[in-house]
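Below are two complexes that have subunit A in common, paired first with subunit B and then with subunit C.
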Partner chain A sequence: MALPLPPGLVPSEVAFLCEMEHVTIVPRQRLESIELLSGATPSLRPPRREDIPLWLALLLKKQRRANILPPPWLHVDSLRDLIHHETVTDPTGWSLPPPPPVRADGRGNARRLNSDATTVLSPPFLPSCTSSAPAGALPYHWFEFAEMLLAHASDDVPSASDVRSLLRDLQEVRAAKMRTSIAGLESGVDGVMSLLGVGAMELSESRGFVTGVVEGVRKLGASAEASRREEEEERGGADDDEPSDDDMGI
Partner chain B sequence: MSYYDVDAILTDGEKVPCTFELDVPYLGHLDNSTTGLKPGTALSLPLWLAEMLALASTGDSKAPLILNMPPCLSEQVIAALRADPRSVTLREQNVHLYGVGVRMLDLFDERELGNTLRKTFVVRAGEVGLHARKADDGSLGGQGEEFLRGLEEWERSLFRRAHEGVKSAKEWTEKVKKS
Partner chain C sequence: MDIDDILREVDPTSSGVPNETSDLQSLTRLWVAERSAPELLEWPSGGLFERINDRIKAQIEKIEILTGDMDPKTNFALIVIQTELERYKFLVRSYLRARIAKIDKHTLHYLSSEELRNRLSETELAYATRHQALLHNHYLSSFLSSFPTQLQNLNDTAGNVSMIDSPDLDAAVFIRMLRDRPVTGQGTDADITLNASNGEVLILRWSSAKSIVEDGDAELV
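Entry: the complex of A and B
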């Protein structure tokens, strides 16, 4: 038998990956640079702000050697905007992930990093949880990041209790959206379900459900699909106009 | 479908109504008669046997029996499902309703039935997901229990999967708060 774990990442694995997100801290003590496999951390000189991995930030926070600056999207106003966007502006789609950061190119122009879309940027190259992250957009690890920050550094988050209840609302709204998104399967599994903007923990939470529904719909439509294929093949034998995969010239 | 899938095996054992076309001696005990089966006898046979006999044909003669739609997929049930998928207690119709449905769709060319079953499954799956999420806080009250009792086997396993995901995420959230 295969590994008795479900497919995909379990929540603790998701949270482990989230701890690699960079976060901005205000150190209270000096700390020399540490050589890590993922690169050296910046040497900390209070009160200079630095970006370090979340796990290190939480460690320093627990030792009272640093304060964490929560990312702009974790503020009350930004969360309210997000909930408004999710419920009123776009009640069916997901709010988009944060846009790539804007950098000046030395000639006085500002343009989006990676605007030609040659490579897909992801953290830590994309500052999604540092203080320079854009407000009003949820990064991939939003849920677990917010949970961990609220659990360990709630005194650093402004109006933490409001943030907490807004996060609950947001989570419920998006979970309901995930449930209604399967209604598109009524006509059969024919397209793609866009999951752009869905967080890692949400994916891990609803993976079993969504794949279960898709599997069920596929089974129920299997015989209709088989007969459709046969029909198509018969038609394809009569006139060979339809371009096949070989004609695409890959 | 896996060889070891218990649900598939149990689905195979579901009985479907058939009508014999041939005279079969020495099998009268199936119908509590002493003479053997006459043509036109209506019998309920398990799906695996009925399917085999219905598809078997010996050269020139026709198949030994004719398969009919099981009562759980009858016109009335399908009409009720078309009207409101949520109000039907599928479990009372048949514990393996979708499984039997898939097998019937393989045998009969019933596109309409397939569409109805799929719509039913998707609509009810949404409800199952809602209940799986709210099962722990009990905020839905008694009406949820009624619905969950009417779930068919496919839906039960879907409920289990959905609940598993929600539960493990919730457990992680609790653990973070404590540590």
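Entry: the complex of A and C
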């Protein structure tokens, strides 16, 4: 009954999430709009492009009812740029994620900053894998998305074999960065560690290891941390360089 | 699609997100959060689950009607509807199972105070209370009854050691920012504040992340 899986998403669950990403297709057959739980699908009229969830696109592709348009970041040139960025321009950090999509709302605000939106959208519900996504920026679900597209729709990806080998290079470069960032924990663990631009599958892959290291370091340093906190408390409000909540109350 | 949907689509001041999408986003976020957080999170208020359950029920009824006429044209639509229904049901089921796993692990902890009890839904509370009662009775009849009376409790706190096992709130979690804001985290060597931008993934302790996640400024990944 109860879920036996460990905390944190496992790779198959990440792949499930990735299948919710929207992707652009070119239909080859007419298909009326279908009322789904996640909203109605657009009615498909060839050759008008439409954005639909990836799981549906793969289903249509399998039945040869549609072709999938790979997102701009999955083209050979974009991937070369990304590898160049990862290896030469910035050999320490990951390449930046795509900028959050912005929709003007007539008052000069962008949608993501719209405070009256009850639910802020985040991947996989942002259009980061459609044909309107920017080139040269890897979205959160880049690895799973590219793998799935190459596995099930490789004839829709231009120069698929090049893309495949470039993706492997990219993955290796980024995996090495993940390992370096963990090695950086040796010199001390700060309260917050940023992994700007990391992908979902990379996170899921090294989640157990990273949390294991952070937990281990925390338990080893628990007594040192407790004494440091005590000291800070004694110094009281005079210590202003750390405006944490505990200090403010004193 | 009715007139309201069309109006919402062309209205530049609305967020442009249809109800179905925002509900799916909420459900997905809840599921991911529950799968990643070290402790049980609040049961969502605002009728999200009632809405989702009603929609699933209506969809099942629709499938039952559609399977009646075996028109090859509607056949494919039926496959799509069923696939989507299964995906949706998986999300709901996985979410509930993740919660039950946490309740099972620390039943007495979640029943110990009013504030913690409020995190459970009605059915979960009934499940936890009955499960704990059955377990206690079983222990009593199998071995606890032969102990001295003062040692029969399962929730003793004598000697400054609580028998109630509680989840580790300082466990490290991964969060993704939904808005730009500074994030303060407690660390072993230093407490630091980082200016995090939208979309950035951070590692920090759940105890530091909790308030940010509850404010809706970040989500667990």
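Operating definition for what follows: the second predicted complex is superposed on the first by the 203 of 250 C-alpha atoms of A that agree within 3 Å, B and C clash if a C-alpha of one lies under 4 Å from a C-alpha of the other, contacts with A are read in each partner's own complex, and residues count from 1 in each chain.
Following the convention adopted for this analysis, contacts are C-beta pairs under 8 Å (C-beta built on N, C-alpha and C of every residue); 3 or more make two chains touch, one makes a residue touch a chain.
All values derive from a computational prediction rather than experimental measurement.
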item: Which superposed partner A:R207 touches (first subunit B, second subunit C, both, neither); value: both
item: Which of subunit B and subunit C A:E147 touches, first, second, both or neither; value: first
item: Subunit A residues touched - subunit C or subunit B, whichever exceeds; value: C
item: Subunit B versus subunit C as contact partner of A:A57, first or second or both or neither; value: neither
item: First (subunit B), second (subunit C), both or neither touched by A:G221; value: both
item: Touching partner for A:R179 - first (subunit B), second (subunit C), both, neither; value: first
item: Contacts of A:L17 with subunit B and subunit C, given as first, second, both or neither; value: second
item: Partner chain in contact with A:A66 - subunit B first, subunit C second, else both or neither; value: neither
item: Subunit B and subunit C contact sites that coincide on subunit A, given as residue numbers; value: 188, 207, 211, 217, 221-222, 224
item: Sites on subunit A touched by subunit B in the complex; value: 6, 10-12, 15, 144, 147-148, 151, 175-176, 178-180, 182-183, 185-186, 188, 201, 204-209, 211-213, 216-217, 219-224, 227
item: Of subunit B, residues touching subunit A in the complex; value: 98, 101-102, 105-106, 109, 111, 114, 117-119, 121-123, 125-126, 129-130, 132-133, 154, 157-158, 161-162, 164-166, 168-169, 171-173, 176-177, 179
item: Subunit C - residues contacting subunit A, complex; value: 1, 12-13, 15-18, 20-22, 24-26, 28-29, 32, 35-38, 55-56, 59, 62, 76-77, 79-81, 83-85, 87-88, 90, 94, 97-98, 100-101, 104, 170-172, 174, 176, 178-179, 183-194, 196-205, 208, 216, 219, 221
item: Subunit C-touching residues of subunit A, taken from the complex the two chains share; value: 1-5, 7-9, 13, 16-17, 19-20, 31-32, 34-41, 55-56, 59, 63, 97, 100, 103-107, 111-114, 116-122, 124-125, 140, 188-198, 200, 203, 207, 210-211, 214-215, 217-218, 221-222, 224-225, 242-245
